[in-house]
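In this document, chain identifiers A, B, C, D, E and F correspond to the written order of the chains, with residue numbering beginning at 1 in each.
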Amino acid sequence: MLTANALCCERDDRILFRHLSFELGEGEVLQVQGSNGSGKTTLLRILCGLNEGYQGAIRWYGEAIADQVENFFASLLYIGHRVGVNKVLTPLENLRWSCSLQQQVSDGAILAALAEFGLRGFEESQCFTLSAGQQQRVALARLLINPARLWILDEPFTTLDSDGVAQLENLLRQHAQSGGSVLVTTHHKLSLSPLEILSLD
Amino acid sequence: MLAALQFSSIGEFFQMGGYAFNVWTVYVLFLLFFFVNLYFPLIREKQIIRELKRRLIVRNEVPANKHD
Amino acid sequence: MWQWFFKLGSPKWFYELSGKWLPWLVAAMSLLLVIGITWALLFVPPDYQQGNTIRIMYIHVPFASISLAFFPLMAVAGTITLVWRMKLADMVAKTAAPLGAWFTALALISGSIWGSDIWGTWWIWDGRLTSMLLQFFLLVGVISLRSALEDTDAAAKACAVLSIVGCINVFVIKYSVDWWNTLHQPSSPIGMAGDSANGPEIWVPLVIMIVAVYLFFAVSLILSTRNEILQRERRSKWVQELLASA
Amino acid sequence: MTERRITTAAAFRATLARDLLIAYKRKNDIINPFMFFLIVATLFPIGISPDPQRLGEIAAGVLWISALLAAMLSMDNLYRADYEDGSLEQLLLSPHPLYFMVLAKNISHWLVSGLPVVLASPLIAYMLNLPTDVYFALFMTLLLGTPVLSLLGSIGVALTVGLGSRGLILAVITLPMSVPVLIAGTMAVQQTLNGAPLTAYLAILGAMLLASITLAPLASAAALRISIN
Amino acid sequence: MTERRITTAAAFRATLARDLLIAYKRKNDIINPFMFFLIVATLFPIGISPDPQRLGEIAAGVLWISALLAAMLSMDNLYRADYEDGSLEQLLLSPHPLYFMVLAKNISHWLVSGLPVVLASPLIAYMLNLPTDVYFALFMTLLLGTPVLSLLGSIGVALTVGLGSRGLILAVITLPMSVPVLIAGTMAVQQTLNGAPLTAYLAILGAMLLASITLAPLASAAALRISIN
Amino acid sequence: MLTANALCCERDDRILFRHLSFELGEGEVLQVQGSNGSGKTTLLRILCGLNEGYQGAIRWYGEAIADQVENFFASLLYIGHRVGVNKVLTPLENLRWSCSLQQQVSDGAILAALAEFGLRGFEESQCFTLSAGQQQRVALARLLINPARLWILDEPFTTLDSDGVAQLENLLRQHAQSGGSVLVTTHHKLSLSPLEILSLD
């Protein structure tokens, strides 16, 4: 569904990648690997359209993304280094807004997702009182709610404890099985079976 | 031509009919600005070329010909 | 037509062409300046009211009139940057902003020196003066935004947006400030100073000076833009070749 | 899946509601612009002269300048927190025109920080001994003028949201731009005092408001896309 | 190991140098308070009256209020970036009295944002038609007064540095505190205009400065410890 | 060298830990473990004196820390979630300052440390142009320069690539061997041989 063709990006006079092409089909999980500073985050942001300093073509179901931005955004879920959790609001309120940018959701669904991610009891605490890993979990709970086909996740495993890691891996597996696709960066070794790897080194 | 000259002596010219300070400051400022604005870009150009050459020698990096 | 347009946008093309034109521009500028300044200082008859201070006009008016061109220039460059992503446009915009601030400052300074005789004070809160001052502030705003944004590309686009918004605003400000309070010389239809009774011995040197200052503006803009090109294109083949041969 | 896709209007409402909720939770966002306005306005009797006669003469200007500063300086909150926690990226990646999202944020911001200032203005006007005839003129011009200030300020914040050092750059960029509003506002009050009809000025301010509602969010949206890059 | 331990004086210098370096790199930190001061001062003739006579009467107050606002609003930079990137924690964990570290940061901040305002004040004073007799009084009071404002502001920033919403809360906290300085400053200028000797006021401002140099950094240090908790 | 006695901390009406006692001797590495939100970060900040909302006693070489703060701080190196790297400055300038809070350092030592941590060529780039992992590395370079005896590190492995992880583990090992002590939280499995574990769950 997502194809990149001869991507090339340079920052500060340093070529991060060149002639980078890949194809992400339905039901696939693609792990972007590379050492620190190799350009993983940059690549993901380019694919999302958050960064425009690149050359090459990115296509969504064969069409250039620029021609169908809304369509693309409607099926995209991006969680970056900064997870998009407002510190003042509670997890419930946060999700109510961030999910409602893409679809209608009921509070019940949100509460269920939060509980699933081990945040039962924290639904009504303001997010600045949550620990780093708990905030990450709030953001990740969107994965359970949002029906987006394409997940782009930038180091979603940082600050998660081992339960959290297992749970997230599970989720990725399920999403792929149900025909979605995942693009993920991490320094972890993922234990998913059909896992493709794109190395930037 | 000379008949159109407005001043009969150098001294009178510098006095500018009592407005010496004002008239001359403006013209001096103008000349200063004029030369500074030509001089600095030229110096800067030399600096840049020197710096770029130095880098070229030091790193001797392979130029990636992305442009042109 | 479009091909030409995009060729114009190529820094390399601009660098080479401007290299060829510069000597001629400098020659014309110098010639006109020498003639203009000599004429203004030596041959222009003193004004019956203002006396010899009239000679300040030959600096003030060219600088004041060119200062008004900066925001439109930057807005056009900004639009080109945003729409066609032409790098050259941004390089011009980047060098124009500080140059504009200097030109504006000089217009302000020469005007207020002139005013110290004519109005008996260095500064009054008159419409035109105030709008000039505000334009100066806006230019400083653009410069500080440029210096605050570290990423060249982001800075280019952000300054483009600010210049476009600012350009609209410069007109609104000028209009509203004139409406608010006007004392300054009204601009006369032929663009000339003072009474329409003024003869050619007054306005011919003024025209010469105006053209000379425009040329000076062009020359210094080109010089700084060339530096900017060298820096930003330092990794391209043609700059490397240029360096090797230099 | 597609049938559950949300309309732009609903996303607009959700964003508006969220921003109002955040402001409500923080309280400070609501109280501070208002307090700042009060405090700055009270600095003038202290710094200039407590003489009612002279205060009355400068009152309209002082009120407008204080409102202007309060509006500009409260803008910093508009996108900053969202930028820092990543919510802004989510907003940019939403499948709705950014224009409306930005407009929602601007409206919420004005409701929270501009409206209280407008509502408080008669009080300060009284304290500064503004002639009572022009209370209405002052109120109406502020009511039409402060949204323009918010919309203009929004462009400035959007341009500078990615900067580490914030502080005054926003004010430096946007204060000069808002001078026309200041002029229209204070002229309206002054001319009303001299007996001129208010409507002409209100029409001018209204035109400014319309123009900035249509254009400013576009500029803000473009600026946000640039800043997030 | 212990012999290489650094003296407090050296750590003080290192902190001062670092902050100046950051300001130098950002440029904006230096230019903006100054530009803000200029712009705010320009708003008054526009908003109140361009008439030189009336401007001259309010000039001293306007200058002081603009300087006060510029000082307060430039404070936000003081600890914010350090808080967000964690440098502040490092500062708190250094084996030197926090008093000196805070003082170093305050001094650097005043040099960068207060001093340019003081230096520019005569220019604006001229433009606002302040009577020339009191230029010296204005300059001296600003020179003594703005450091006090910085030191007081520092306490406010230190208290609020942990807050998500910044913006105006700082001004709301610190402006009232700085009213005494404003009073002393404007009184000095006004009384000098009426022929009174300046020294008494300078002595008062000097005393305020001494008191705040000794006490304010202590309060800031305590406030930082609380905020970081 | 560091002993905690019957520590108890509660936040938001929730008891994070109670009756927590441990001793950290010279040459020891203590890993604090626990699920997200279990209070690891809170514990570390308490030990550093950055958080005072606790009960119990903390001693440094047998004496209460409050009585010898400067002494304690002089031998402490804390790197938290926020790593203390100014975005505007370059790595070199950052370290010049943060190291000089505790001791005199030469630029040579800093450059060597940066190179050691894979940042050769980035010494003079401003830190905001560095990737997340590279910024982490700048902070970690202090470990090579600073002679502090006690290291307190809060999730130092996040965003590091596998080389970085190996290198840091190595560093911890060496520090312990040379008589220093380390208190570290991480969700990684550390491969250090004399490793003590303190679980907060």
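Things to note:
Heads up, the rule we're going with is that contacts are C-beta pairs under 8 Å (C-beta built on N, C-alpha and C of every residue); 3 or more make two chains touch, one makes a residue touch a chain.
Everything numeric here is computed off the predicted structure, so don't read it as measured data.
Taking the CA centroid of chain E as reference, the farthest chain centroid is that of A. Taking C-E and C-F together, the pair of chains sharing more C-beta contacts is C-E.
For the touching copies chain D and chain E, the fraction of interface residue numbers used by both exceeds half; the interface is of the same-residue type.
Each chain gets one centre point, the mean of its Cα atoms, and the points for chain D and chain E are 26 Å apart. Centre-to-centre, using mean CA coordinates, chain A is 36 Å away from chain D.
Chain centres here are Cα means. That of chain C falls 33 Å from that of chain D. Residues of chain E in contact with two or more other chains: 26, 28, 31-32, 35, 39, 46, 81, 164-165.
Contacts with at least two other chains are made by residues 64, 66 of chain B.
In chain A, 52-53, 81, 87-88 are the positions where the chain touches two or more neighbouring chains simultaneously. Taken in their complex, chain D has these residues touching chain C: 155, 159-160, 162-163, 165, 169, 172-173, 175-177, 179-180, 183-184, 187, 219, 222-223, 226-227, 229. Against chain C, the residues of chain B that register as touching in their complex are 4-7, 13, 16-19, 22-23, 25-27, 29-30, 33-34, 37-38, 41-42, 44-45, 48-49, 52-53, 55-56, 63-68.
Per the touch definition, chain D reaches chain A in the complex via residues 1, 4-6, 10-11, 14-15, 17-18, 21-22, 25-26, 81-82, 84-87, 89-96, 228-229. By the touch criterion given at the top, residues 126, 128-129 of chain F touch chain C in their complex. Residues of chain C touching chain D in their complex: 82, 134, 137-138, 140-141, 144-145, 148-149, 151, 153-154, 157-158, 161-162, 164-166, 169, 172-173, 175-177, 179-180.
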